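To start, the structure under review is shown below, and the notes come after it.
Chain nomenclature is as follows: A, B, C and D, assigned in order of appearance, with residue numbering initiated at 1 for each chain independently.
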Amino acid sequence: GRFGRYGGQYVPEALMPALEELEDAYGRYVLENEDGFLEEFHRRLDDFGGRPTPLQRADRLSERYDTEVYLKREDLLHGGAHKLNNALGQVLLAKYMGKDRIIAETGAGQHGTATAMAAAHLGMPCTIYMGERDINRQRPNVFRMKINGAEVQPVTTGRGTLKEAISETMRDWAATVEDTHYVIGSVVGPHPFPSMVREFQAVISREARAQVQEKTGRLPDAVLACAGGGSNTMGSFEAFIGDDDVDLYAVEAGGSSLSVDEEAGVAPNSATLSTGGEGVLHGARTKLLQDHHGQIMESHSVSAGLDYAGVGPELAALADEGRVTAANVDDDAALEAFHRLSTDEGIIPALETAHAFGYLKQRQDELGDLVVVTVSGRGDKDLETVIEETEKREIGNAPDMSLFSGGLR
Amino acid sequence: GRFGRYGGQYVPEALMPALEELEDAYGRYVLENEDGFLEEFHRRLDDFGGRPTPLQRADRLSERYDTEVYLKREDLLHGGAHKLNNALGQVLLAKYMGKDRIIAETGAGQHGTATAMAAAHLGMPCTIYMGERDINRQRPNVFRMKINGAEVQPVTTGRGTLKEAISETMRDWAATVEDTHYVIGSVVGPHPFPSMVREFQAVISREARAQVQEKTGRLPDAVLACAGGGSNTMGSFEAFIGDDDVDLYAVEAGGSSLSVDEEAGVAPNSATLSTGGEGVLHGARTKLLQDHHGQIMESHSVSAGLDYAGVGPELAALADEGRVTAANVDDDAALEAFHRLSTDEGIIPALETAHAFGYLKQRQDELGDLVVVTVSGRGDKDLETVIEETEKREIGNAPDMSLFSGGLR
Amino acid sequence: MSRPDATGAVGTVANDEALAAAFAGEPAFVPYLAVGDPDYESSLAYVEALARGGADVIELGLPFSEPIAEGPTIQGAIVRALEAGMTPERFFAFVEDLDVDVPLVCMTYYNLIYQYGRHSAPDGEDGDTEYEAAAGDEDAEYEAAAGEGGPRAFVERAAEAGLSGFVVPDLPAEEAGPLREACDEFGLDLIFIVAPTTRGERLDRMRELVSGYVYVQARLGTTGARTDVSDRTEESLARVADWEVPKAVGFGIADGEQAERIVAAGADGIIVGSALVDIVAEGVENGDDADVVADRIEAKARELKAGARRGRE
Amino acid sequence: MSRPDATGAVGTVANDEALAAAFAGEPAFVPYLAVGDPDYESSLAYVEALARGGADVIELGLPFSEPIAEGPTIQGAIVRALEAGMTPERFFAFVEDLDVDVPLVCMTYYNLIYQYGRHSAPDGEDGDTEYEAAAGDEDAEYEAAAGEGGPRAFVERAAEAGLSGFVVPDLPAEEAGPLREACDEFGLDLIFIVAPTTRGERLDRMRELVSGYVYVQARLGTTGARTDVSDRTEESLARVADWEVPKAVGFGIADGEQAERIVAAGADGIIVGSALVDIVAEGVENGDDADVVADRIEAKARELKAGARRGRE
């Protein structure tokens, strides 16, 4: 449960037995494949989820940047993002553990929809906690959860965003821990979640590593992945960690600025790896955006899915060690990259994903001859935001939005 | 170009040379694989599109209906529907033909988005015609097209729906036919479109036939696919046509009623195979919804993608021959099936797709022991409609919509 | 000029020499209007105004709900006519009501021709039964009930109404066999459109089937008035130069000057639709009296006819 | 009762026997309030009212922005306190300002303990500099500047302020080593929460680390007043029956009757938070004077204390 100085289990005592039980189940089913868990997991990931996802050469970006650019297409996973890898793994594990209810928190709604889908697929009742403000920003995702039969619990405390939803889910868990499994959505939280979620997401890089060698005969010079909590990042890096010549870039949300406003308790970014300090949040010691007292800051990103004040402890440790390079890209560059990938490659990426492509553009000359970028999700969920945010700025390569002056409706 | 009494080329003379040129190119590149067209097509379908799509056992439906139900997951194709198979094929063919511009029509927006994606992927300028009314009903899809760099041309004539958009696209083509390729979105229109689109979509059933044998060791008793124009249907059936023991069911939209209102020129359904008469529309002789004068009726379905007054000529011929059974399912049953698949299997289907599942429910006892149903697309695009239409009805298995009384925003 | 094997038998009033004759003298002016636009009575007045203005042949549009070959102007006329209740049977009644002395050609889409008389349950109100009664053919009725469509019934009725021929924009030579046969049976002409893209074998095929006149499409695209005359007009005319039928050029002719240039380029006649429909549309928009609009149409017809004449000088 | 190896050296005013002593006589009443809710001055009055009402120990909540173990009631109090500007340094000032004669326990989340004194740029305004000055330890200052957090500075300051111990709801025994060590160094108690799910080895581990008293969680879930007393309370008490520290039961105790039942079930004391915070929240909502609210709090405290006493009879 430790990654250098990070990790651990900073949770109420009532949850500790559940974490011990989960650690035991994770060891037996996931690491040791007891009862054929892994076969079932991978069969369902393939048939229900659509794995393996392709590794696609990006013809026009490769030409534009004079670098071989390959895309790991997690946007094609069922639900539209890499989130299902983890959600399906955990819901299945909960089933093996004999749990009979699933809870999860969600910010942008991607983890919530993935969990609701996985729970419906496996016949598990499911409650998703979501901040009221996020519910209003992400109504289509809320509806998808409800359509999949999940109960969606609005969280009205605080600003009504991800941070509050996590706290609220922990509260539910504290009361129901004996028969309920909490599906944490990223490589965050108390041990064994960071390891377990990374293990479920590692399928991304295990596939990508084999695919890139098959297509190009070699390993890439660099792997780029956007980083919020870090599940996409850790999943995209895991199989390459031992390949010392493969540079790993975790691209965080630079937001509107890397500065912070302590008075207001706001960091207008989510660049936790680059700018955060060590602390304890949501069950783990890791890097955080916090004020000097240790109160957690409100983070910000144009991409709701990166908008989190913490980051996975293992990723924080890898960044400290220098194995992973922490980078960040601001809102403007992410939007520009969103439009670039859409018009040049016919792939509308999630705004989270767009950050990785923003970095690719900025550092195209330094990343080597062969770069793999994970397309962590599709951008359908972000259309409304992209319209609004594009209108506010001068984005040279954006299409004319005049048809949409009234928004999507 | 003939399928029994159906098919042909009923188009303005100005377009005939283009059809001859297309027929020639289709024969050389697609049928005879000149210049390795098929390798490139399938490589791009795999890497860009995400093929092969899985064939998934639907565990809970299988139990519910006491029949082995397998799902062909075209909803996992890039763009969210089977439409890309055809769009990518045609845009690539246009490139091989030396065309330098793509046009297409779209109704619900699925074909338009697929074409815009394929055109962006292959670097072809692209204009999509779409009825003004459809634009207002399907704004997210319009935005996706624009984001992919396509020009979206609103069609203001008539009711501003698919029918008018097709006519308008034909007009553009009549003026630009020498350097422009018209990507027709279904197995409709003049020869060679019905054959060519079927051939591009046949990848669905070629994969499914191999997959179902691999998973179950046998061929299915029945294959079910929803039918609007018929591209999903023909794609889902093609490889099974020669398997006489495999029953093929084309499920059309029964709308609110199978009756027609000649006075108003409205058929409140799109059940062309079941209720239509022979006639000539949009370049082909086929079955149509028309009044006794031969004027085309306004069709209707809760599912915009099935809402078309014609049907592919080859499908009409197969239905006449009895090889394909024409069936239909009304709006209520389709909505019920939409909710069923969502809650039971964790797959939110397109409303088009839901019709096939509505039929599965109605005829569960008659379809045999092993049934393959094509999930032609995902339902994200239909959320708004589902909220509205579910609120209007008594759908027993629908989730509580109270969170959404204000719609998606 | 009709095809050699045309018979004109079967008691029709159509004159299969009428179209050829219309092109025999000076360059022909062939105007088009959508029948029933904006209403039956006005439309009668407008067509008669065309005749007074010097029309040599009149193309009467029977509106179809999906006019894929028309531009926005004529499409607008078709929508107005359909909304005012135009049907194939009313169209024939209109032809019979017309008091003009020039040959009339029906321009419509194939589905209306194909469906006519196929259904056995017409609505009495709009007089569809008339034809069934008039046809009085038990076999044909049975065929219709059995769902066998085809152009014969429509052509027979057209001949009876006094029409001289057809232009069917969505019926290329490849699909025209049955209609050609019916036209031959009832002595009507079948006009084909030669497009700027039509070349080689396609030309030969059409030349074999065409009668009355050939409609030379001046440029690519759909119908609609333009201010330029495409360079391609001369090329197109050259391709059909040795055909035995008269060559009428259409698509985009809007004024006398253009008419003059087209005829000077070698056309035997000019076909004008959108420029005339524009006048109807303007009248509808301004709420003008039908008389006033008819006068404007007549004046426009005179201008075009005069232009065509000048082209030959 | 403090652990045998606690020293209480290093010039602290904390009394490491204070908590044990508070449970020594009759059943202890241990109320909780969030410090600074709804403002500094009112909060002082409310805590003093608790003391007047018979509190034997008072748990003072230092508000943290992510209180994952709290229910909606205490969460509301924390939000109000943070909005009113409560900080760790003000919290210590508050403790020093308090005029009460009962031992005080700091209840907070680990990040605030961990961060304290780590940053070298406190804002003078709220008195953060005080600690830096008071500490006067060059090494500690260097450590803080280098970003090495840890509980030592916080515990030292707490001892100086006169606190007797800590309850840290997100710090299980596994992570409690450094805090336990610092508490030992400065003579403070570290209270652990035993949950209904705590069994076997986990109990042993906590028993080894706990001092002051053990907080027995009456039911699963988060803090919050309830009308029922869980059956699990007795089970939980049984699990810690042979521990040498007093057993205080909390979670869901709302009135004197419940307090009575809990003590009758074997508890050495009762912990009550939400029922008291409810009174504060009601006062805020109704805009009541702090004096009036303080009286209500004192009355509620008396009721609970009386209930606890009855439980022992």
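Operating definition for what follows: a contact is a pair of C-beta atoms (placed from the backbone, for glycine too) under 8 Å apart; a residue touches a chain by one contact, two chains touch by 3 or more.
Given the structure is predicted, the values throughout are model-derived calculations rather than measurements.
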item: Geometric centre distance via CA averages, chain B-chain A, whole Å; value: 33
item: Chain centre separation (chain A, chain C; CA means) in Å; value: 65
item: Rounded Å distance, chain B centre to chain C centre (Cα mean); value: 36
item: Interface hub residues of chain A, defined as touching at least two other chains; value: none
item: Shared interface positions of chain C, touching two or more other chains; value: none
item: Graph class of chain-chain contacts, one of line, ring, star, complete, other; value: line
item: Touching pairs among all chains present in the structure; value: A-B, A-D, B-C
item: Of chain A, residues touching chain D in the complex; value: 8-18, 20, 157-158, 163, 166-167, 170-171, 174-178, 265, 277-283, 288, 290, 292-296
item: Complex contacts: residues of chain C adjacent to chain B; value: 64-72, 75, 79, 82, 87-88, 109-116, 118-119, 121-123, 128, 147, 149, 169-175, 192-199, 202, 206, 217, 220-222
item: Chain B - residues contacting chain A, complex; value: 46-48, 50, 53-57, 59-60, 73, 75-78, 80, 116-123, 135, 139-140, 142-144, 146-149, 152, 154, 339, 342-348, 379-380, 383, 386-387, 399-401, 403-404, 407-409
